[in-house]
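Below is one structure. I have some questions about it.
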């Protein structure tokens, strides 16, 4: 959840101690408007910035809405001084989140051209401080958030397996993991996927494989065990990976390298 | 400055309440290593993550260093459990900041091919929560931070001028602004640049002009008054703007749309 | 994770602005020692209190260790003034967490007398501010943490089902839930358990049923779908519920009503 | 006082980053209702949770009110999504505080059967993070809060006396303590009580004495000096201690071992 | 207690995002030295600033020490960059606190010329954010901190008495106040002092009386009830008030109007 | 900017855990009224205290208004309990800030008697935690805030110059400083002022000079370079310094040694 403390941090870092020019009299209305097509996200966070400042604000579209240039996404009304004080931060957070959502939708659309069941997922490669907002933006773009924190799904890594073997490593993790939590096992060879599944993985992560190798791994998996592809997959690679039958394709770039969506904030 | 509270926020959002797998015994050494060329930034912030966790950490290169793939940028040594707990967040912040620095250097290099005096500057279009880190990254890439907060330089906007005229608007702002603070005036017509300068601007911001119009505005300015170009300038546009004789070219995309630099974290 | 900010909050609320008597000269060693048998938990948190104050501290036993009266659980060494400043808070957190762990182990032991596969789980009925510490204490006592936050597993409640029916309600939730996240469905009639399972539940929560009704619900479930019993189950009821073949028995009282374990802190 | 930051901490630890199921449309009304008899406390804190979320909330009874099962204690009205987001935390804090108040009233009633002047007091053995709420709950149950922090009353301990003797130890503390602050002296022998009083104690703490020994210590005290009994006194011991003529009986278990009062939250 | 969070706030407000000049290489030693005579206070807080930055620091004198110009009060050693980063804030807090201590000692000395038993006390008129530090400084100067917070002693005000009469107002407050807490009653007529004492006040506050009126009120009080004079008493008035036999003279100006003690910070 | 967190800190330190007397029924109106003439400042901060508590509040005068005794500066209306809870803190912050503003106006008036162009400026010698409020108060009193943080203007100190010489030191700083930021050079000899100006200083700080020496330094400066006098200048010295033609006179005492303006808070 987005807290008041976080909004406070954003405003404080932008404003500093004192903004001399910001003693504007009167009331104003500001509209947050995209100047290019994209997917709406981060509007609740932008609204929270204005709410912190005591400005009335209405979000105009749902998260995930496909915006056309000029569509108003959010309207803020109140003392000009307070509207202007929130403007820059509100635009920044909406632009960032909508950029993530837009990039995610592109990846989802590219994948669904090939296989409309495959999921495009984010990773833990998020911008520090913005985990929740970026994960919501991935969802807004039609993607899968993946686990939100380290505590959300347990990952059995190669070093665990090297030490104990598949069966023992997974068994041990299972004992220490809640029934409420899934266990994912990371493998680096297609042939290991089926072993992980047999040892009890809920999900098998096939790391850093090319599409052909990935496909061999995926095909061997029994029903009910999900396969995730991850590791250095670019936007251009998405269709080839989607064609492998894998269940989930994870892309760090959705969150760490999506360009911002350009918005302007029009007052008066 | 980067505070312990901020690092705490980053770790908490990544870890959640409890990380079952992270009871790894023993000590380990981790190396933060780029997998592609780029400019080092955010390493102090990455180090602060490990320091918060009580892990010994050494930054290996200066901010702004041009990294080759495989160069160790940071080394962390300590209990495996603590090193692994900090890994993801440390990588995320270094990757983000180094991405900003790398993009900045590209812009600076492109500009200096044409005019080696022109400055490439960031804007207030930063990622919420990361203002300080992104501004340092811009500097690491050879760019100019521009003002860090609203309080850092005062901007006289078109609405002030519309209301009061150049002379009166600038005079009024001057009265309310410290001697320690510069005053920048935003103009949207090249012909207004000289009027702003005569009225006492330290810097004139020529907003949303094409290079030809910009050049007319810049040429008219007296010595000692700086000219800044801003507004919708892409990386490809940099050389054309640099050729106008403008002093500063500002790019929001340095901070809001730079792709992350890819790092891996190698332990053992 | 337990942050420095949380420890700071604990100390500040105990100490207030100024502690006149606490200008004790010299160094001291303090030992945290249980005065009754119980299960160790919260020792990392107690240690963090001393670490915040710059006192050297060694935890003497693992979380989950069965303590006898007089066993030292933690040793703190440093300036007497700082050791004494942390004492009360450190004891309070260890006593609370160890009480939860001890109560959990009693429940686990009672259940395992009957069925050594059944899991005893905590709930979200935790003490505000201590979610993570209480969940770790449940695990220390041999229990299952259950989901740590609302985001950790998705619950389909009766009102969702009333509105949309089992299939549609579960399908809709599935679409909006990550692959990394399990879906649990709450039913109030034993006969609904199998319908929930068929509609795709990973876990079925049988709420407020007596053991006989619970058993009917559990027996009807297919393999691979877990059954959880919850709602008003007291410590005395545990064996009867354990005998039903249910997979998980959840008890709010593990966290909200466990008496503290008595510790004393011996200095000198 | 309960701050917004504290409420924020409670909500964040319960919700995590994102609650998928919590996009419930429409408005709702929720009622906090006890399912067993007990003493109302923590309702202001529960209300503060809803207020943080922008939900209208009315506390229905005073702190300390004796609740019957089914009595509405608090009513919250607003967007269903926000009411449900606050529900769990609000119930948890009210259940905990009301449990403390209920346990306190039991102790007070047991004591007053024997001596209706004796005070039942809490201690500093409170749950970390909940000092203020638990102290208010003790008061709601008819108990005495005792000092709220280390700074609230000064305690002269046996180690001070061992070093300096009664007179000198108390004199020294007096010099360093504000006139606004009482001084309590801890003794472990009944015969020392009167010496402490003569040396200037406002209150004498008779620690870990059985009722007979306690009575001897109490009887020797001059008028105007209060006697407090503390140390390992259980609920069952209260009448015997109350019969000694002591002024205050302190019980750590009021705050650290009171079972929660069971509440349900009924919406619609 | 002074927390890391508070120190962080002080440093952040002084430094802002980035301090370009502060990349000074090498190690340095800094000495905090008064340039005028005064009373040492706030040195622990100044030390905490350096400790937050990882600088070794030694406080050279006790709180309350009478400093001569040039006496080193604190020595900090470490990386020049970190020493310089802390300098301004450390000096500011020491200068402020030592100013309060110095002013307090002046008042104490003036009072003790006349009556060496009378106490000079601070009030709740402290600088927001610095309550604890200023109260410690008052104590360092030989003054009495008075209550530290609203919760520290209970004040019965004229409006309570107007409504209920002395006896009933005090009785009611007594019932709701812990045995650990003193009750002070505020009176505005000398004749009311004795009535307040008879009704059970521990302390009587004689508000806004001239010395003659005060003396009449004080003389009438029975033994064991303390008399406090407060309200508009200047430094010059202290001897006249001290001569009345009053027990405590409270001065808001100790904390809200004491000039800073001048320190310089000498490095190298 | 003043954040909710800061207000929370102020209230918490004043109130502590629980204020027994503060259960006053009914509504009240409180008026903040000066009892002596002075300059209004800090009223927004005082208002923020009441707003945090949910009390309606109206500031009656502009920052910088010359108040007469009895003029209402702020009116707060709401539940008596909440108004009284905020009273002390609101008065304290307004009294402190108005004291700074009043002292500043005295200095400005004294200076303008001699030279109506000279600016009276604050310094970084502010009270920890109150930088922003004190800087606004300086401005309210007609003074110049000077730089708000270390990041606001760059200072070239004597140790930089000693190492590199004027030209090289300033050139190096210039390279690392944004175009948005001024550079000030500190000199300790009048003869160095002109060298600093020639090397490119925007402002020259003449440190610790007497008026005669200062005047020699100022006269030598070229047009467009500002001269600042600083270091040990008392209120009494202001006219003599103002007569030198210097542009700015900086006084630490404006913020660290101004006595509070006396306000009373009248309710009912």
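The letters A, B, C, D, E and F name the chains in turn, as written, and every chain counts its residues from 1.
Everything below uses one rule, namely that contacts are C-beta pairs under 8 Å (C-beta built on N, C-alpha and C of every residue); 3 or more make two chains touch, one makes a residue touch a chain.
On a predicted model such as this, the values are computed, not experimentally measured, just so you know.
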{"item": "Neighbouring chains shared between chain C and chain F, ordered by label", "value": "A, B, D, E"}
{"item": "Far-end chain from chain C, centres as C-alpha averages", "value": "F"}
{"item": "Type of chain C:chain D copy interface by residue overlap (half), same or different", "value": "same"}
{"item": "From the options B-E, D-E or C-F, the pair that copies A-D, where over half of the contact pairs coincide", "value": "B-E"}
{"item": "Rounded Å distance between chain A and chain E, as computed from the means of their C-alpha atoms", "value": "51"}
{"item": "Length of the line joining the C-alpha centres of chain A and chain B, rounded to whole Å", "value": "23"}
{"item": "Computed distance of Cα centres, chain F from chain D, in Å", "value": "44"}
{"item": "Multi-chain contact residues (two or more partners), chain C", "value": "4-5, 13, 15-19, 131-132, 139, 145, 148-149, 151-152, 176, 181"}
{"item": "Category of the chain touch graph - line, ring, star, complete, other", "value": "complete"}
{"item": "Complex contacts: residues of chain D adjacent to chain C", "value": "6, 9-10, 13-22, 88-89, 91-93, 95-96, 99, 124-132, 148-152, 154-157, 160, 173, 176-177, 181, 252-253, 256-257, 259-260"}
{"item": "Chain B partner contacts - residues on chain D that touch it in the complex", "value": "13, 16-17"}
{"item": "Residue numbers on chain C that touch chain A, as the complex places them", "value": "119, 121, 139, 144-149, 151-153, 176, 178-182, 184, 203, 224, 226, 228, 247-248"}
{"item": "Chain B residues touching chain C - in the complex, by the definition given at the top", "value": "4-5, 8, 11-12, 15-19, 85"}
{"item": "Interface residues, chain C side, partner chain B - complex", "value": "1, 3-5, 131-132, 135-136, 139, 145, 148-149"}
